[in-house]
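Some notes on the structure that comes next.
Labels run A, B, C and D following the written order; every chain starts at residue 1.
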Amino acid sequence: MSHTAAELEQAVREIAEEMRERPDRGAVADYIPELATVDPRRFGIAVIDTQGRVATGGDADAPFSIQSISKVFTLTLALGMVGDRLWRRVGREPSGSPFNSIVQLERERGIPRNPFINAGAIAVTDVILSGHQPREALGEILRFLQFLAQDSSIVIDEAVAASEQRTGFRNAALANYMKSFGVLDNPVVYTLGVYFHHCAIAMSCRQLATAGQFLAHAGRNPVTGHTVISAERARRINAIMLTCGHYDGSGDFAYRVGLPGKSGVGGGILAVAPGRASIAVWSPGLDAAGNSHLGRIALETLTRRMGWSIFGV
Amino acid sequence: MSHTAAELEQAVREIAEEMRERPDRGAVADYIPELATVDPRRFGIAVIDTQGRVATGGDADAPFSIQSISKVFTLTLALGMVGDRLWRRVGREPSGSPFNSIVQLERERGIPRNPFINAGAIAVTDVILSGHQPREALGEILRFLQFLAQDSSIVIDEAVAASEQRTGFRNAALANYMKSFGVLDNPVVYTLGVYFHHCAIAMSCRQLATAGQFLAHAGRNPVTGHTVISAERARRINAIMLTCGHYDGSGDFAYRVGLPGKSGVGGGILAVAPGRASIAVWSPGLDAAGNSHLGRIALETLTRRMGWSIFGV
Amino acid sequence: MSHTAAELEQAVREIAEEMRERPDRGAVADYIPELATVDPRRFGIAVIDTQGRVATGGDADAPFSIQSISKVFTLTLALGMVGDRLWRRVGREPSGSPFNSIVQLERERGIPRNPFINAGAIAVTDVILSGHQPREALGEILRFLQFLAQDSSIVIDEAVAASEQRTGFRNAALANYMKSFGVLDNPVVYTLGVYFHHCAIAMSCRQLATAGQFLAHAGRNPVTGHTVISAERARRINAIMLTCGHYDGSGDFAYRVGLPGKSGVGGGILAVAPGRASIAVWSPGLDAAGNSHLGRIALETLTRRMGWSIFGV
Amino acid sequence: MSHTAAELEQAVREIAEEMRERPDRGAVADYIPELATVDPRRFGIAVIDTQGRVATGGDADAPFSIQSISKVFTLTLALGMVGDRLWRRVGREPSGSPFNSIVQLERERGIPRNPFINAGAIAVTDVILSGHQPREALGEILRFLQFLAQDSSIVIDEAVAASEQRTGFRNAALANYMKSFGVLDNPVVYTLGVYFHHCAIAMSCRQLATAGQFLAHAGRNPVTGHTVISAERARRINAIMLTCGHYDGSGDFAYRVGLPGKSGVGGGILAVAPGRASIAVWSPGLDAAGNSHLGRIALETLTRRMGWSIFGV
């Protein structure tokens, strides 16, 4: 189903207006102290279609903490570095558990279920770190995002990184636990340092949607013509986003929205309509599963309106 | 991506030829004694596209025990009967556990994770049974499949049903466990009787692919014009098939094949390429997660060749 | 530490008086409907020492549903029938879980942790049943208790048995689950029938304390001179009572009371002071772990007062 | 049952001889590299009775790494410091899990099941540490053991402490996990440092048996006359040793040996025969549950021979 630029712009504008007014906004994450200060009334959306047309609404240019959305990009980087050997360290099945559960690690001898739960993303970060200094690895991740978003102004929010480093005991438990099974190669403190920092990258909806274009278009940015990864790898990353991208709410997101997507506890969601558009939304209030409450509703509305569900018209 | 009838026919034929020869065939399910007698060399495939063109290969007309594939149709029926109230009895998240796990039921007070694990399908069966005699409920399920497949010769394999009824202690445990939490309304023995019998329905690939057409085409059979369910409900059932249709191998199936699908331990898989085709494959040997080994490989090959992945070209 | 008959009688009388008055009485079990009707103000106690002197207080002659206390006697019977081969079917470790948990069964392939959680007692019942009709097995259990208590008037409360048989879905789940792993030999419905009935035996504190004497005195009733089991086996059953006799409150019971004991959800507790006394208490109100609230307090008081803890003076 | 000095000496001597010859010796712990170098042929035993008579056999004066046996003494210290408030941080129920399991911590919000599993002992260590520097806390623990053993030559084996500090990722996971729930007050690295060091204290069987006398004699060393704790507290610590002292083999130890005891992965066991004796054995080879294989057998033989079981003659 194709659309005109005007149709997309109107849909995005109306969704942004509706979302700014809604009284139900979820609860801002409080377990990273620095994130708890964000205003729950913020809402932003940016959509970029195949022709590179950009439709935005609300706070589309306000930077926010991308948090777990960075896991999509570290997965992409790590697959580029070690290919399918990555799957020796991490699975690709939904976990059926909250994002920071440690139970499954005990049952499955330290191998995390997928690259999008915390344990899995820490294992992926460890792969990127191998052979490098933490600073170099982090620089590589940041430059990759700047390249994808075509914006060298993207930075790490050091206050958020420091806040999580001070309080991220659950992640330290996950990392030490995997280390005890030999799943991590690097010193735990290094791997965690890189992990906390790449989760603390700040981006706007516009930047995120730009960065995600290659996933919507067979691994290639259709505007710049840059090929980031193969078409097959793009499909596969999308598949993992669909089955695992929203922690223990992944099934519900697929059921309601019908697009591959990855959420972060900063309230952002990057969603991919294959062959159609790259979409980023942001609203800081979260639902019980830790996903942006209004972000999900906005995507559900947009997908239905544009007929973009991957599960049928 | 459109295709000619010749292209599809050739793809199906070549896949069937390749699959008949492969030495790696998985292991035939042995926990239902009656299923253990099936010849592992069988392979069948049937594909029906939007225009109603049918391409078949191998044993496309041999009936086999559809087992858990029946859960797609009982879910469809139950949603038609009670609508979204169904979700009070069963979730729609991947389980992260084998198909017959009872652990999650204890943690989540008897509510199964999704309608495609055994516990969930038993709960769905209980909804269909309510207000009816077991025989009536079973008749309704069978007639629904005969209608969808346009073939009134479809029957229940009583030997398989009896075999499972004699040995299905794990399912009896699941049912009694849910009953202890009040999740089932009917006597356990009735609900299990209907469940074992609808899993024992025998169908061929051709019949299954015909029956699945409404899921590929917005809830409607494009050939007969019959509307079975709304377009939105078809999308949603597809979403659940994608995230939960292959037990603890659902993530891997999405990653490799990229289509919504539902497997059964009889070796069948029903897969849906939205807007393109309804597909059924059958090969009795299973992989470690209990899904048809060659069936999955055949679907992976077909999807790549036809460009049918829902995750991008 | 020896005592005079007068000292023991006074202690028991004062404890009974104190317990009748206390306002905190726990909650009467409601998951077996028939038990929910018992008056929470009841309290009974009976103590029989080495010389056979009996001290009683309160409702010491009122019969109550012994429920899980019967598991001590079925364990004794089964060990007499098959000896240490019993331990192929059931472990002897504390479970760290509530009495009716099914999680551990999944992890440990259907082998219950110990003979005093429900699953374990069902497995023990199945051993007693083997080679017999349910009616015969049940008769044997009942006659064993009548013999131990020297009272042929002891009967099964059929209303309680029927009540549990109608509502015991959780136990049916456990039994079917074990059956699926081959841990039970007999038809599930037979084993459960015997299990529900022996749990429904009604006894008074006086009868129970009499029946428990062999455990306090090296396997032998010191009054009648009857040897029931060897001294070593008596020690071992006491050890299992200590570590597993109060479900997930066993550690706390050992910590507070310091005697081997077995509780039932009818509110009874049988406790053993090795070399000193056999003790039965009854108060229907239960604590959070399903053990008699005042029964435990009465035993704690008695043990401290008489210096009977097995863990030191 | 009283005994002569000669009877006890002969029993101990014969047990030591038998144990030195046995071919079945278990496997020396290898997960702390420094412990893996210990000779599996070592065996020592020391028994001190009420009169202070000491019977020894084998390598009774060879120091070994006491490992988890230190948990008995840190529990005693912590109870002396904060009394029953300790039980807000740690439970006293058997865990039903291996010594280093993290699953239960997730289910029970960071509160370890008992003070003798690793997580519980780390929480107890954190209590002792509070308000002190790690060096001071460690000094206090060491001096307490020197005082109890009446031997100021007892030291920490720094090589073992360093070895565990380098490799103790599982314990670091447990500590961070508890910290994430607020169960630990001090910096994780401090608490772990003290924990690893007190586990690395080296003592001989003679020193350990001396140190344990207060537990066998109502909180008081009957030879020196020093009162360490109240009689009630001694009973209670014995109760916890009985139900939780051998990890997931506690039930079996109670069943076979019938004494409160605490094992360490260094191969030592401290056992308490209330009112009779304090006993220490050492043999480095472990069984599947991580407890000294020959140590348990030696204690079983000694207890049976001397009639010391707390569960009856």
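Here is the rule we use: a residue touches a chain if its C-beta (ideal position, glycine included) is under 8 Å from a C-beta of that chain, and two chains touch if they have at least 3 such contacts.
Values in this document were obtained by computation on a predicted structure and should not be read as measured data.
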Those chains that touch subunit D and also touch subunit C are none
Dup interface of C-D (contact pairs over half shared, numbering-based), picked from A-D, B-C or A-B, is A-B
For subunit A and subunit D, let me know how many angstrom lie between their CA-based centres, rounded off.
48
Could you give the separation in Å between the centres of subunit B and subunit D, each centre being the mean of its C-alpha atoms?
56
In whole angstrom, the CA-centroid distance of subunit A from subunit B equals 32
Residues of subunit D touching at least two other chains
none
Every chain pair meeting the contact rule
A-B, A-D, B-C, C-D
Any idea which subunit A residues touch subunit D in the complex?
101-103, 105-106, 169-170, 172-177, 179-180, 188
For the complex, which residues does subunit C have touching subunit D?
91-97, 104, 113-114, 215-218, 231-232, 234-236, 238-240, 242-244, 248-252, 254-255, 258, 260, 274-275, 304, 309-313
